[in-house]
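Here subunit A shows up in two complexes: once beside subunit B, once beside subunit C.
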Partner chain A sequence: MSAREAMIKRMKDLPSTHLLGTGTPMCAGCGGLEALHEVYDVLGENSVFVNAAGCMTLLSVYPFTPFRGSWLYTAMASAPAGAQGVRDALDILLEKKRVTKAEDLEVAVLTGDGAAYGMGLSATSGAIERNLDFLYLCYDNEGYGNTGQQYSGATPHAAKTATSGGPRGFAGYKKDLFAIWVAHKPAYVATVVGAEPLDLARKIEKAKQLTGPRLIIALAPCPPGWGYDPKDSVDIGRLAVRTGVWPLKEYVDGKVVHTKIPHPRRPVEEYLSKQGRFAHLFAPKRNEALLAQLQAKVDAYWAQVSE
Partner chain B sequence: MSRQLLTGNGAAAWGARLARVDYVPAFPITPQTEIIETLAAWLETDTMDGRLVTLESEHSMITAAGAAAATGVRVFTATSSQGLLYAMEMIYTVAGWRAPFVMINVSRGLAAPITLESDHNDIMAARDAGCLQIHCATCQEVLDSTLMAYRIAEDERIRLPVIVNMDGFYLSFTREPVELPTVEEANGFLPPFDAENVVFRASAPTSQAVAVLGGSPYSYFRYEHHLAVLKGNEVYDEVAAEFAERFGRRHEAVEAYRSEDAELLFVMTGSFATKAREAVDRLRDSGVGIGLLRPRLLRPFPETRLRELLAGKQAVAVIDQNLSMGKGGVMHAELASALYGQPDMPPILASFVGGLGGRNISAEEFFEIAKVLQTAVAEGKTPPPRLLYTRDELREMRKLQAVAQVEREELGGGR
Partner chain C sequence: MYRIRFHGRGGQGMKTASRMLGSAFFAEGFEVQDAPRYGAERRGAPIFAYVRADRAPINERGIIRQPDLVIVADDSLVAVPAAGVLGGMTSDTVLLINSHESPDTWRHRLNAQSTILVLPEPFEPEDHAELPYAGAACAGAAAQLLGVIPWASMEQALRHELAELAPAVIETNVTRARTAFERMEPHRGCVREGRAVSAADYVPPNWVEVPFEAARISAPAIHAPATSVEVKTGLWRTLRPVIDYDRCSRCWWVCSSFCPDSAINVDAAGRPEIDYDHCKGCMICVAQCPPHAIETIPEHDAQAAEGGKE
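Moving on, here comes the complex of A and B:
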C-alpha cells in the first residue's frame, strides 16, 4: 500500500476542499453528482473530463462550468475515443517536448450507464484493449435518465421505467458491466456509491496511482428516475450496499476483492420499498413470488463470494 | 523536387508525411487502406515521426481525430463510403468544435446495394457537416491539395476540418507521375501547427464543445461556423496563389478548360472530369464551342467564381456522379441556386446523372450530352434531367435478371 493511499483511512482523511462548483442544473439529491463531487476531490483539477451525452452533459452549459479543470463533450457513443485522442495528443506533445510534464492532465471519461453498458461499450472495449491510460467514471442511474428514464442495459429486473410500465416492470436483467470490464484485464475496475465516501475515495486514490485503463461504476440513486424524495438519496445508496444489491468490490492485480461485505445483510425489500419504481411489488398486493426471486438472486450472488 | 510514380493513395500518404503529421487515427476500408498501410510502414520504421492508432470504428476514429486536434497536434485521417457514413455524427460534431485536421475521403458508392466502386454520394452526404471540401482529379492534386488543406484548416480565420476527396480505383489505385516537394520545400510552405490557446493544458483549463441553452447562442455559433467556411473562398485563393508561386502548380478553386470562348459547358468534379476534358478536345475538333468547368472547392461552394465563368454562356450540362433520391443531381441543384436571378446567366442548365458505382461515362455519352445542349439552345428549352444508361447496359442487366429468375425457380422460391 502506497503512502498516499494510506492517507485515506478514516472519514476525517477525506479531502476537505471541494473542487466541483455548485449551482449545476442536476436534480436535487442526484446520486451521480454526489459521486462526481467525491471523485473530483480526489482526482484533482489537473484533469480533463471527456463526457458522453447524458444528464451530466448539462454540467457545462455555455458560458459556465463547475469544473476547475478542463472539459470536452463528445457524443453518446464515443467518449472513450475522445479520451484516446486527448491522451495520445498529450503523449505526443510530451514526447516531442512541445509541452512540459507540468502541463499533463489526467484524462477521465464521464458517462451514464446508457453509454457505458450500451452504445459506448465498443469504444470502451477498444480503449481498454489499446491499454489507454485513462479513468472511466460511469454514474449508473439504471436508465436513460436524460431522456426521461427509459430502461437501459443497466436497469434492474422488475423496475418500472418510462418504457417498462407494466405490472411486472422491466423484464430483462441488469447487465454485469463489472464482469465485462474485468474480462478485458484492465489495470483497475471498481464499484462505488456516493453514500460510501470512504470506500469511494480509497478506490479513486488507488486508481489515481495506477496507469492504464481504470474503470469505476458508481451506483447513482436518481430521485426522479427511481421515484423517491431527494432527501433519501444517501439512505438509498447505503441500503443498496447493506442489502447486498450493490456489491462494493474492486479488481486489481488479476483478483476481484469485495471491499465491504454487508453483515448482517438486510432484506432486499428494505431497499426496494423505498422507491416508486418498485412500488408495484408491494401494492395493491405484495408480489411475493417476484420479491422472493429478487432476494434469491442477491443471496445467490453472495453465496459465491468467499470472505 | 523529385518525380515518382504514385497511386492516389500513395500521394495522400506522401501528403501526410510531408505535412509532418503527429497523429493518425485510422480504420481500414477499401479503397482507402493503402493510405494507412503506407503511413503505418513509415511510422514503424521511424521514417516518419508520429503515432498511428487503429480505433475500433470510424465514429471513434473521427472522435479521436477531433479530440487530438483540439489538444493541439497535427492530425491526419482517411476513410471512404460506409466509413464516412458511420462517422457522420462525429464529422458534424468535430467540425462544430472547430478542430482543424485533414481527412482524405476515397469516394466509393454507398450501400445498398453494396459496392466497392466509386461515386460521390458518400462525400455529398458530408456536404452540410461544416468541413471544407477539395475534390481532386489527379494524383498530383491529391498530394498538393493535402498540403494546401493543412494551411487552410489551420488558418486562424478557418480552424475547421478539411476533407480532400479522390475517386476510389480511378485515382486511389492508378499510378501517375507525381512531383514530390522536398522536406524543406514542404516545410517552407507549411509551418508547424500553432493551436494558440485552443488546447488542453494543466496551466490553462478550458471547456470545449459545451452545450448551449436556447436558439440564440446556438444560432450564433452555427452562423459563425458558416461564415468561417465561407471565408474559405478567400483563404483558398491566397493559399493556392502561394502554392503556385512556390511549386509552379496552380490549383484554382474552379478549373476552367477551354471555357473562355465556349458557348456550352460541362460542369463536373473529380477524376471523371478528365474524360470530359478529352471529350471537349474532340468536340472542339469537330467545331462545337464547348468547354469544361471543374469545381475543386465544393465547400465553400465557389459561387462568385462560377458566376464569373458562366456569364454570357448559352447552356450548361451538370454531370453529377451522385444522386439525391427524389431530387436528382446534387451539384445541379447547387449550381442552379447559385445562378438563379443573377444577371447574364446561361438560360439552359441541364442535369445528367452518371458514373454511379464506378460506371464509365463514355466519349459518346459526352458527345450526346453536347448534342442535347445544342438542341436545348435551338429550342430555347431546358431538357428534362437524364440518368445515363445505354441500351447495351440495359440488355446486360436484363440477362442478369433472367439468370436471377432462373436461379430462384431452381431453388423453389419462384412465383
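Moving on, here comes the complex of A and C:
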C-alpha cells in the first residue's frame, strides 16, 4: 500500500487556500472554473492570461478580475497570436534588463473548445510551429457555452445542443484535438479534469518545468449546457474518466502515456444517463443501437491502448 | 406605451416570460420590444427582462427605468439592491410578487403606495432555483393585469414559444399560466399605460468629462489583484451548505479543491470554512464530502433563522 500512501500524502500537498479570486460570474458548479482554479494554484501568480471570447471572458470585467496578474482579451481565433506578442514583449524586456529573470511571467492562453477545436486551431498550429514558450489551457465544455451551447468541433456524437436537436442529437463526432496537437510534436500535451485534482496538479507541475508549447485540455462539465444539477459536476467529471469517455493521458518525450486507466471500465451509459443532453437516448424509448454505437467507440479506443 | 419589467433569478424563466408576453402583445396588433438584459445570466443570479408594447412605433430603447408593471418571480430578490426590483417605481406602478406573504405585508415592508399583488407558488419548493413554471405563470398573470390580451392570444403565444418542449411540459405550463390568468381576474386592466416620453425631455446624467489621453493613462487598467472578491456572488445562492464540524474528518482537501469558486478555505489545522459572501450554492461540497458532514439548508430558511437579512 505504499504507493497509495504516497498518493494520499500528495493529496495533502494540494493547496488548501486558493489563488483565484472568488466572485466570478461563472455559473454555479462550472467545471471549467473548477479546473482553472486548480491549475492556477499550481501555475502561480507570476502569469499572464490571454483569453479568447467565451464564458471565461467574463472573468475579468473591469474593474473586477479574479487573477493576481495581467489578463488580455483577444478575438476568438487569436489567443495564441496574442500570447506570441506578450512573450515577445517579455523577451525584449528581459534582454534590455528592464525585467529580471525572477520577474519573468508564464504566458498562458485560456480558451474554450469552440476556439481551441475550431477557429483558433490555425493560430495554435502557428504558435507551436514557432516553438512559442507558452501554456495553453482549453476548458472543454463541448459547445459554445457562452452563447447558449451551440455545437462546436468538440461536441460528442448524439449530444443535444441548441443547434443539434432531434432524436439522434449531434450528427458529427468529437474532434481528436489531443492527436491534432500531438501531431505538431510540442513539448507537452495532456488531458485533465477538475474532478481528478491530483492527476491535474501533477500534469500542470510537469508542464511548468518544461519550456516550449505546452497544451492542456480540461474536460469541463457544464451544468446548463449539459443539463444536470450543479452539485453533480464532480461526479460527472469522474464518470467521464471511469467510463473511459475522457482518457487521462499525456504526451511527453515523443510518447503518449495514459495516466489513469479505468479498471474496470464502467458502462458509458452511466455517464450519459446523468445528462439532459443525452436524455433522448433513454426516453421515450431506449435507443439501443445508438447506445451500443457510443459504447463501441469507447471500447475501440481502449482496445488500442497498451497498458 | 406599456412598460413591463420581469425580475427573477437565472433559471426561473423570466426571459421566456418576456418573450411569451411580447408574442401575445404582437398577436393583438401591438408594436413590441422584448429582451432579457444581456450579461452573465447565470443560474441563481439576479436577472431581468423587459417588454415594451404600444399601438404606435416605439422609439424608446434600452432598459426600462420607469415601469408600469413589475413582476417578481422570486420574493427573496426584493431586498437585494443589486436586483434593482424597486428601481423607478411610482405610485402608479403595479407590483406583482410571487410570494406566500400578503400584499399588506409587502406594502408595509416596502412603505409603498403602489398597487401590490401576490401570486403564490402552488407549493413551496425547497430550492428556489427550481421554479420551472414561474415564467408561464408570470406571463399569464401579466396578460390579465394589462387587460388588453385575451387568454386565447396568451395561450397561443405560450405554445409558440415553448413548442420545442415535451407535450406534457407544455400542458403544465399552459395550466399554470391559465390559473395565474384567472386568479388575477379581479384586477383585470389595473395596469395603466405610462406616459409617452419625448427625447426632447431627456435630461442627461451628470457625466464626468474625460479628456482624450494616451492609452497608458486612459486604458481601464486594474491595479490590484483578485478584485473580483468585491462581487458578492453569495446572492445567487438558493441553497446553503453548512458544515457540521463534529462530523468533518479534516480530510484537508476534498471540499476546498472541488469548490469551483475558491469559496472554501482550510486553515492550518485542516478546518474548512465556507465563504458565504461568495458561495453560489452549487452544492458540489455536499455531494463530495466523504463523511457527509455538509448539510443542505434552503437559503430562505437560513436567512429567516438569522432574523431576515434585509
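Definition applied: the second predicted complex is superposed on the first by the 298 of 307 C-alpha atoms of A that agree within 3 Å, B and C clash if a C-alpha of one lies under 4 Å from a C-alpha of the other, contacts with A are read in each partner's own complex, and residues count from 1 in each chain.
As a convention for this text, a contact is a pair of C-beta atoms (placed from the backbone, for glycine too) under 8 Å apart; a residue touches a chain by one contact, two chains touch by 3 or more.
What you see is a predicted model; the values in this text were computed from it and never measured.
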item	value
Touching partner for A:Gln149 - first (subunit B), second (subunit C), both, neither	neither
First (subunit B), second (subunit C), both or neither touched by A:Ala77	first
Partner chain in contact with A:Gly69 - subunit B first, subunit C second, else both or neither	both
Partner chain in contact with A:Gly165 - subunit B first, subunit C second, else both or neither	second
Touching partner for A:Thr111 - first (subunit B), second (subunit C), both, neither	neither
Subunit B versus subunit C as contact partner of A:Ser233, first or second or both or neither	second
Subunit B versus subunit C as contact partner of A:Ala89, first or second or both or neither	first
Partner chain(s) touched by A:Gln295 [first = subunit B, second = subunit C, both, neither]	neither
Which of subunit B and subunit C A:Glu45 touches, first, second, both or neither	both
Set intersection of subunit A contacts, subunit C complex versus subunit B complex	45, 58, 60, 62, 65, 67-69
Contact set on subunit A toward subunit C in their complex	11-12, 14, 16-31, 33-34, 37-38, 45, 58-60, 62-69, 165, 194-195, 197, 223-224, 229-235
Residue ranges of subunit A in contact with subunit B within the complex	45-46, 48, 50, 57-58, 60-62, 65, 67-75, 77-78, 80-86, 88-93, 96, 98-99, 102-105, 122-123, 125-126, 129-130
Contact footprint of subunit A on subunit C as seen in their complex	11, 40, 42-45, 164, 220, 222, 225-233, 236-237, 252-253, 256-263, 265-267, 270, 275, 277-278, 280-284, 286-288
Complex interface listing, subunit B residues touching subunit A	22-23, 25, 49-51, 53, 55-57, 59-61, 63-73, 89-90, 93, 200-203, 205-213, 217
